[in-house]
Structure formats: C-alpha cells, structure tokens
C-alpha cells in the first residue's frame, strides 16, 4: 500500500514529523509519501488560514496522488477534505476525521486537546461538519504562546497532560485526541499519564488509511461524492487544472 | 454607504448581473462595488470548486475591501465567509446566509430552489454550517444541463417555477429562496406565480449589508471572529499577505 | 416606508423610548408609528404575562396596521408573532427575532443579556421557537430588582456591561444582544466597552423591517403562514374581529 | 379528586363532549368540572386563534381553578399551558402534552391524526415546544371542510381511520393520537380498526391529571415554573388580576 | 387492576421496598405483584450489569406477566424495556421512563439525582434512548461508597437533598427525579426541603401503569412494537421460550 | 494480532461465514478466533432477541477473550457492546459500529441495507445510540421471508442490489452498508453493480479491530468505560462471574 500524507501547512519540519509518526504506525509493507504545501502558513490555526490550506491540499493531491491508494489531509481540521473526496479517484480522509472516528470506538465522548487557543473555533466547526458534536465532550486548548512549532509538544508537554486530565475529570471525556500535526507522536509518550485512551491523529489516520486501502472501495459514480462534471478552470497549477477538467 | 460584492466566480457577466440587481435593490445613496475572481471557474457548483472560490474571495476582499462598509461574498453557498469574517476589519456576509436569515422572517421553513443538481450537497452543507437545518424544508434542483450560465434563468424559468410549487406543496415550504448568483433578479419576475414569498439572494444580501452598515458593529477583539494573530504567509497576492500580516 | 412598532406592554414611556431609538436607526424617509397596549402589564417578563401581551399585540396590529409596510412586535420575546404573521396581510417581525438574525451575521454564537432574571425562561423558549438554539451561547440576566423600568438601563448599566463581558469570556459569545425594550438605545452607549459587537433589539428590528419593506414579499396564499380561513369570533375589539372574519 | 377541564374554545357543545369523555375515563370518585371560554372561536385551528384561546385559558383557570387538584387545558395544542403552569398554585397540563407523553409509553414514534389541515402548523409547534419532535412520526390531517364541529368525528370517521392507517404504514408510527377536542371519544370507537394503539387526548389528559393529583407535587418556589413576582395588570377580569397580583 | 413490578435486581429487600411504595401510591383496588430476579447483581449500576438485568426482566415478565394488566420494569434505567414491549401482549413501562414523562408535566427540564456515581453513564443513555435529552437539566450522583443498599436513602439523605438543591440552583432544573429503586419512598420524605417538585420513580411508575391499564391500549399488530414472528430459541427458561415461540 | 469474533447468534454456520470473510479481509499474520453463542436464536432480528444476544456476547468474551487483542461483537446492531467495553480489559467493537464509522470516511450519509424488515427498528436504535443519525440516509429492508439464513444472500441477491440502488437514488446515500452477519462477503460480489462504495460489516470490523490492536489503547481507569467496581453476581457462568468480580 502507498499512502499519501499531504501537509497543507508550509513547514517541512512538521511534514517530517508527520512522516516519521506515520511510518512508525504503519503496517509492514506500507509506503508513506509525505509532501508539504509550497505556500501558505507554517501551521494553520484559523478559518482564514484553512482557506489557504484547503486549496494547497487540492494542489498537493493533484500533483502527488497518482499511484497512491489513499490520501490523508494531514492538518487537524481537514482543510479541503470534502472537495478532495469529490475530485479525486482515490479515497481521501482527514486527520481529524480519522482521529474522531477511531475515538468513537474507544468511548462515548471524546475531547480534543491542543496547544493553542486560536484553533478552538476551527476545530469545533470540523466536529460539527462531521456530525459528531453529540460525541464531543470538549475542546481544550492550552493558553499562551509558544516558542517553536517544532518543539511545542515538549515545551507545552506538562500543560497538555494537565489539559487531558481536565478533559476527563471536568468534561467527562472517555477518550482524548491530541489535535494538531505538531503534536504527532506525543500520545504514545503521555499515554501512561492519562487515565483514558489517548489518540494520536497521525497514527489514527495512518491506520484508517490502511483500512480504506484494504477495503478498496469503488469511486462513487452517484451520490454527493461522485466525480463532478468536467469544469474549465483558470489560474491553478496544471495538475489541478487537469483534475478539474478530467484530462 | 459603500458595499462590496465579491464574486468568487470568474464570470464577469455574472458579476454584472449581480451588480445590476444589487443596485436596483439598494437604498438611495448606497454605492455598489462589484468585483470578479481573477481565476477559477465560471460558476461554482461543487465543494471542490468552492475551495478555489473561497481563496479567491479572500483575495478580492483584501484587494478591494478598503473603504467599503460591508462586503458580500456573492456566490450562493458563501465560500470563505468564516475566514473573511475573521480576517477583515469590516463586516462580511454571505449571499446564502443573507437570503436564509431574511427568509426566516417570512416563514417557518424555507426551500432553496436552484438550476443545477450539482449544487445540492454544497448548499446543504451551507445550511448546516449556519445551524439552520431545522428551518430548511428542502433544496430543489432543476435536473438536466443548460446552455449558457448567462441565460439560464430564462432557459429554465418554467422548470424553476414548477420547482417552487413543488417546494410549497410537497415539502411544505413557507418561503422560497432562489439560490445561485446566475438567478439574480428572477425572484421579482416570478413572484406572482408562486404562492409564497420568493427571496432573491442578491437583493436580500444588498439589504442585509445595509443593515450591518447602518448598525456599524465594532470589529470583535474577542470571540471566535476576533482578528487572528499576525501570521507570515507565502505565495498569496500582496494585499492578502498584508491582511494576514496585519501590515 | 411606514413601520408600525406595536408595544405589547402597557407603558407609554417604554413605547416612547422604542420610538426614539427606532427613529434614530431608521433610513431617511422612513416613518415610525409606535403604539402601546391599552391593557396588560408595564413590562412583560414571564410566560403568563406574554399570554396577555400576545393578544394585545394582535389587537394593536388590527387597529393600527392598515397603511403600514411592516409591523414590529416590540417586546423582546415576540409575543404573538406567529399568529400575527398568519393573520395580517403585511409582514410582521419580532424584536427578538430581528436581533437574533442580525446577530447571526456577526458571529457564530450570540448571548442575550438582560436586566431581570424573570425573563430567562421566556427568552429561552423564544430562541428555541426560532430554531436558533445551536447559535445561542447563553442568556445572562442581571440579578436583583430595580427601581424604575424607565431608568433601568442607567441603574443597571455597570452590571449589564459586566454581564456582556461574562457572556464573551465565560460563554464564548461572538456577539451580544441586549434584550428587552427598556434597554433600547443602550447598545450604542456601551459598545466601546464590550469586545464584541453589541446588537440593539429596536435598532435591529427597525432595519430588518426596512429590509422586508424594500423586498415587498407577497402575502402567502399557501404554506403555514397563508391567511387562515375566515372564522367567527366573539369578545374581541372590532378591528381584530374584522381581521379574523376577513371583513 | 377534582379536575378542571378548561375549554379555551367557545363551543359549549365541545365542552360537553370533553366532559362526557373525561368522566367516562375517570377513576371512581374523581369529579370533573368542565368550563367554556366566554369568548373566542368555536374551535381553535391556527396560531392566531390560539393567541385568543391562551388568554381565555388563563381567565378560566383564574376563575374556576380554586378547589381543583389539577387543571387541564382542553384544546389540543395546549394554548397558554406554560403561562398557566407559572401562574397557578395547582398543577396544569395540556391535552396534547398528556396525549403525547402517554403515547411515548406505547411506542417509539407517534403520529397525530386530526380532522382539518389548518391545524398542522400549530400542532407541530406544540410538539417542538415539548421537545418531542424526535418521537413524532407525522401529523396527518384529513383534507377538505366539514359541516359541523359537533359531528365531525362521524362525518370524517372513515377518512380518519384511513389517515391512521397511513400514519402506520407510510410514516412508521407505533401509536396514533387523535388530536383535537372535537374528536374526543372517537379513539375507543375505532381502536379495533387501527393496528396500533390509539390514544384519546381527553382520556389521556383525564388519567394524567389523576397521576399528578395523586402524586401531589408541591408548587415550585424555584426554577422556571416558580410563581412569578406580583405584577400590576390592567384590563383583565378580576380573578385573573388577582392571580397576577397574588391577592 | 393488577400491576406487575419486575425487579431485575436480585435483592428481595429492594423488591419489598418497591412493593411497599407502589402499594402506597396505588389507587384503591389496584393489586401489586412484585417479583425479584432469580440471579444477577443486588443492584444494577452499570451497562454490563444492565445486560444481565435485561434478560432477567424478560424472564420475570414471561413467568409472572400472565393475568397482569401492565408490567413495570422496576430498575431505574429500564433494562430490557424495548424488548419486553415487543414480546409481551400487555403494556410494559420502565421506571425511569415513567418518572421522566411524569416530570415533563411538572417542568421544562428535570434533573435525576441518585446515590452512586457509577450510574451516571447508564442513566444518561436511558435519557437519550427516550429522546428526552432536551428535557434533561442534569444527572447528579452523590459521590462515595455506601454501607448498605437497604439503608442508603437514610445514609445518604442529607447529601441527596444537597444534590437536589444543586440541580435546581446550578443546573436550572424545574423538577427533580430520585433515581434508583433503593431510593423508593424518599421523595415524600424530602419534598418539603426541595424548592421544586420531587418525583418518586416507583410512585410515578405505579400511577402511569394505572393510566395504561385504564386506557386499555391494544397490542400493536404493526409498527416497531408489533409482536415479532415466532422464533426458535434455546437455553432460556420455558416461559420465556414460549413467549418467543408464541406457544 | 489475535482478534476474537463473538457471534451472539446460535448458528455455527453464520459464525463460519463470519470467520471466512474476516480471514479474507485480515492483514497477513492476524489470527481470527470465531465463537458462537451456546444458546439463543439462530439470527437476532428484534430488540427482544438482542437482549438474549447481549448476555451471550458477554459470556463469550468472558470465556474466550483472554489472549485476544480486540474483540468484535459480530451481530449487526452490536448487542452488549457498551457493557462489554466497560467490563473487559481489551478493546471491544461492534460490527455495526465499525461499518458505520468506516462508511463515514466514504460519504456524508450512509444507508444500511438488509434482508428482513424485522431488523429495521433495532438497527435504527443502534444508529441513534452511536449518535450517528445525522449521517444516516436510510435503512432499507428487503421485504418478505426467506428460506435459509445460510443462503439468504444468494436468495435475496437481486433484491438487495435493487435496495442499494434505491438507497442511492431515492434516499441520497453516498455509501451503502450491508447489514447483518448473514450477508458477510456479499459486498465484494455486488460492489460493481452499485454506484457508490459498499461496506461489508465483517470486513470493516476486521480492519477496524486491527486499527485498535495497532494503536494499543490503554484500558480506561476513568470515564464511563473505566472498569466497574467488583460486584458479586449469581447465576452466570464462571468466566463471566470472574469478570464481574475482577477475580
């Protein structure tokens, strides 16, 4: 199997972290291809930044998707996942979606814990878009700034563990998801310090991508994710233009 | 008052239609500025196309928003409206949002009637995003292709009237919204043939923009639509880069 | 345009305040007609009092509605608005409805802040009736009694500002509505002290009434707000009797 | 026990029917007092008519409630029930409420079947107000006019049975409620012709009133149904004025 | 009337308490038959224990239901009630269901107060299953262990009263339900100390069972509670086998 | 990895089919253990039968779970899954749950298609219990009886394909789940005849079980799925007694 992780953030270092965690979580023989947005912001935290990331995600999938079994949009609130699911012939999943669906098998209600308050509204809309707000206990964001997106999981580690505890004891979460690609890999490190299962978004996405690759679902020719009609489009990179044009 | 209509579609002819209907609906003294996406598709019909349009909307508002009292995203399911509402200092509304909220004052449940089946899933997600699905009676799309986006309202006129009737008699709509910028102006022409109020998206957006312009709400410095922190961003036009950077 | 503000409370002084704020918010050339319930309570605060106010609202619209373009039921939780919307040939809106729909264009979730705890249940039912509970952050009522309904906005001013802050910081409101006709005009005075947009119910209703007046929607002849069949009725004032009898 | 049935319709003949069915359904020793609105419409069918009936219900309870253990508002969508529950020291229930809660013990989803299409919107709002829309299968109204409200159950009998069948086979109802006081007593007559339990609103209300009378709940001094503060009120009959004034 | 109370717990002492409270709440002439699960746990507190209790409930109804007018499953979150309602020819109600529906006539939102935190998740699922989560204010459980299930209501009495107060003042409950068969009878003892109505599950179930017995609903032959087709089954007691086989 | 498939039906032939499909869907090196309920019904179709199956599921997991990485309750609406998730130290998933969560990655709304109308109510409650009713397009059951549970997928094959088409064209499903263990393996055979992805419950459960086995979540010591306190229990097989007693 070949799984594409498309990071709609522009930080190569975040992509590297995603790739490492994905590879560690993968089954033997699964190949991980990880690519980075050629423009945009280092890490998406708001709705406005997600607009930029959504388009970057489509461009990355158009350019790198060929030959992959499944593509993962590897930013937590899944920018562009619906559009990508329409447009491309291979299955596409979002990292938040994969984490939330996995969490649903581990508990009645999940909390999402992350490292910056800016993300809360965007994450909440993602939960709502997935029709999973009944399953959400809370979104807890560690307040205050941070020095470096590449080391934020160490820098904020204790606060993140504390937020996980609050999610369990105050919000009655049965399971906690660590949200945000920069936290990839942290779940394993703190699992023994949190009294409920902790889900890593990248690991969950990796394994859920394998589920879809194994089940080999057909591309819909009906329903809301059928391939759209060909549409002329201007001002986008050639691979994406071809995807819209069905070339 | 100065109201910006940003058409995230690439069709200048659709922008012209929007501008004409907006001006006809405006109060005396209101100035309408109408601009067109410099790239993308002639008319957005799917989630994937909306991803492209959302970024175009941000670019248009960054370039043309200065000096406007309110901006309207003038494609029916409001691509990028949440991001725009965060990013810019002036109020931003979507055409679908304005039409739906206006419709809520005219009836318990509204239907959206439009000219192409491709739009249904995208429209439905827009209704859900607005938390208005309890108020939705149905979305009715006239099936089959059409010859020209500029004359689709004439070409499909009888079928659209029939769909309005079905919305009332089969789906129990109290009010009908004609969705899609290419239908701008049609509501007036068919109102006498439909037994419930018919809402024109452009006219509703024009008048709702005036409401906000008159109320002069402050830009939030708290809450989920507060201006986000400045963020370095690459690969976007200079005005949009400045908006992200708070330059 | 001619807009009727029907105050279902019996306090002429509250009507005067409503009229003054409405006129200040109106477009040039808009005429405001403000009338007061001939019986009932000085200000409606409970479900039981709203029952009395609802009938008063119908009576006022029956007597004074002729020649008006739109009628506003000018008590915050909109007593009788559904019945009025059925019965009369002109559009009818409620003050709470107008404020809430306006707030929806300014934020994802709104709080309603008011001056007396008695109002909370009635307001909440109004939000539910409008199908907007997903958009509600909270209803915050300043506790304790007050001396005079005519000066309550000054008397409770600091507490109301504090409640607005709590709505934003504790309940995550993106926008605050000041509820209750006795608070008309306060929003402008405190807007600079609240970090999110503050919506004045009377000003919002004034402008939304103009929206409907401009759009000139037809009276429904189908759907749930079609004119009901003529019905003999006894024991109500002659203008209302005529409205029920379609005389 | 002494149970007050307050008919907010002005038809004494409907009251007589209600009283007869209530007495037949009552336990031995239960006394039924049935009173009729002194004004209003012969039978309430719309939101506007319900506004008139709601006030009549308060007046009837104020005048006749003393000495009763429980009061029933005996029109199907329960005009004024919330206000009455606040205002009076005895428990108050609505006929629709009693029927729906009873139906919930007999099936997962109930349908309401009635004799006139005008009633559908008002009934639906009643279901929503009770937070029971998840339990509603459908509201089915027999179309067309009728000759006499006193014999409508005979006149429309076959059509009502057919509507019950449609509710079961098309809408998947587990239980059917016959809505509207003029249908009181019909359930027993047609029960053997409908393949699911049929609930009579008056009989259900009679028995549920006995439940509350037996449990003797205290009047709330806290919560949203606590007795409101005394309030001066003008223009209402003396007993109702006293209720508002806590005289 | 003859009402069967089937206690799916294995404690005869709890059954005795249920029977005493039921008899005290019953109308003159109503006979109460109370039976105890022959196996299982002394009191059900978790989902896993409810699985055992659900089967015990079916066995008890199969063995003792004949000749009864209505059966009550007398453990608070109603194990097996849906299956029992399908399987048996007589009406079946659950104690939680009866208490919640009764509470709905006394207030807009109810809280459930009980004596052990273990019960919260199971109770919450019961509320959801009944489609009543909109009507739920909170579930409050007194923390800490207890010495004896038979005297827990005395042992935890003060804490339970305090929890009722918290439900009212913090969670805005209009009415409180005391959950759990071991608390049967406590409501009467503490009603004067709680500012809103307090509902006793056993008394409510007793009276609601009489409602159904009086209304004599037919057994459904359609809908989701129609008698299922006969099904061979092994490994269950003979009376239950016969119920499945329609012998 | 070692995955336990516990079939709460008593048909060994159905277990054999489950095991074969699970093995075909498994990753290399995954071991499948499949066990059959020692009592109960040949295939569960109703709520009452699910009560029996739920207890059988607990017994099977208690007896055979030791040494397994994950257990699957292999009947479509997941009898006993919540209780099992509390009680056992290993993760437990249901077949319906796994299928629905997988389907959520393939479309906005899924339909469940099955071979007998009796199952609809039980399946619908399962969807509701999972908080996924927003994602459900429909449940479609092929009407009429069948000859043999072991060949029902061949016998009803054409009707099942037709029902899948109806789910897509009439109910707007984006993806179809074939429900019911007796249909295991059919999805692959008919996928090319259905225009949207078709999900096989057993294959989805197999792969989702591997996801959980790979992620190795800890057993919760807090939240609603923490291990319950030890509880004495009588009348159950020794392995289950030990599970309740934490022996």
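Labels A, B, C, D, E and F are assigned to the chains in the order they are written; within every chain, residues are numbered from 1.
Rule of thumb we're sticking to: a residue touches a chain if its C-beta (ideal position, glycine included) is under 8 Å from a C-beta of that chain, and two chains touch if they have at least 3 such contacts.
A quick note: this is a predicted structure, and the numbers were derived from the prediction, not measured.
Undergrad: Suppose you list every residue number at the chain A-chain F interface; are over half of them used by both chains (same) or under half (different)?
TA: Same, since most residue numbers here occur in both copies.
Undergrad: Please identify the chain with the largest separation between its CA centroid and the CA centroid of chain E.
TA: Measuring from the centre of chain E, the most distant chain centre belongs to B.
Undergrad: Test of understanding: which option in D-E, E-F or A-F shares over half of the contact pairs of C-D, residue numbers taken as the match?
TA: It is E-F that repeats the C-D interface.
Undergrad: Chain B to chain C: how many Å between their CA centres?
TA: Each chain's C-alpha centroid was found; their separation is 27 Å.
Undergrad: Find the geometric centre of each of chain B and chain D from their Cα atoms only, then give the gap between the two centres in Å, rounded to an integer.
TA: Using C-alpha averages as centres, the distance is 44 Å.
Undergrad: Averaging over Cα atoms per chain, report the distance between chain C and chain F in Å.
TA: About 52 Å, centre to centre.
Undergrad: Listing for chain D: what residues touch at least two other chains?
TA: In chain D, 108, 121, 224 touch at least two other chains.
Undergrad: For chain B, which residues are in contact with chain C within the complex?
TA: 25, 27, 91, 93, 97-98, 101-102, 104-109, 130-132, 134-135, 168-169, 172-175, 191-192, 195-200, 203-204, 207-208, 210-212, 214-215, 217-218, 220-226
Undergrad: Can you check the complex and tell me which residues of chain B touch chain A?
TA: Those in contact with chain A are residues 10, 38-42, 45-52, 54-55, 58, 80, 82-87, 118, 120-121, 125, 128-129, 224, 228-229, 231-236, 244.
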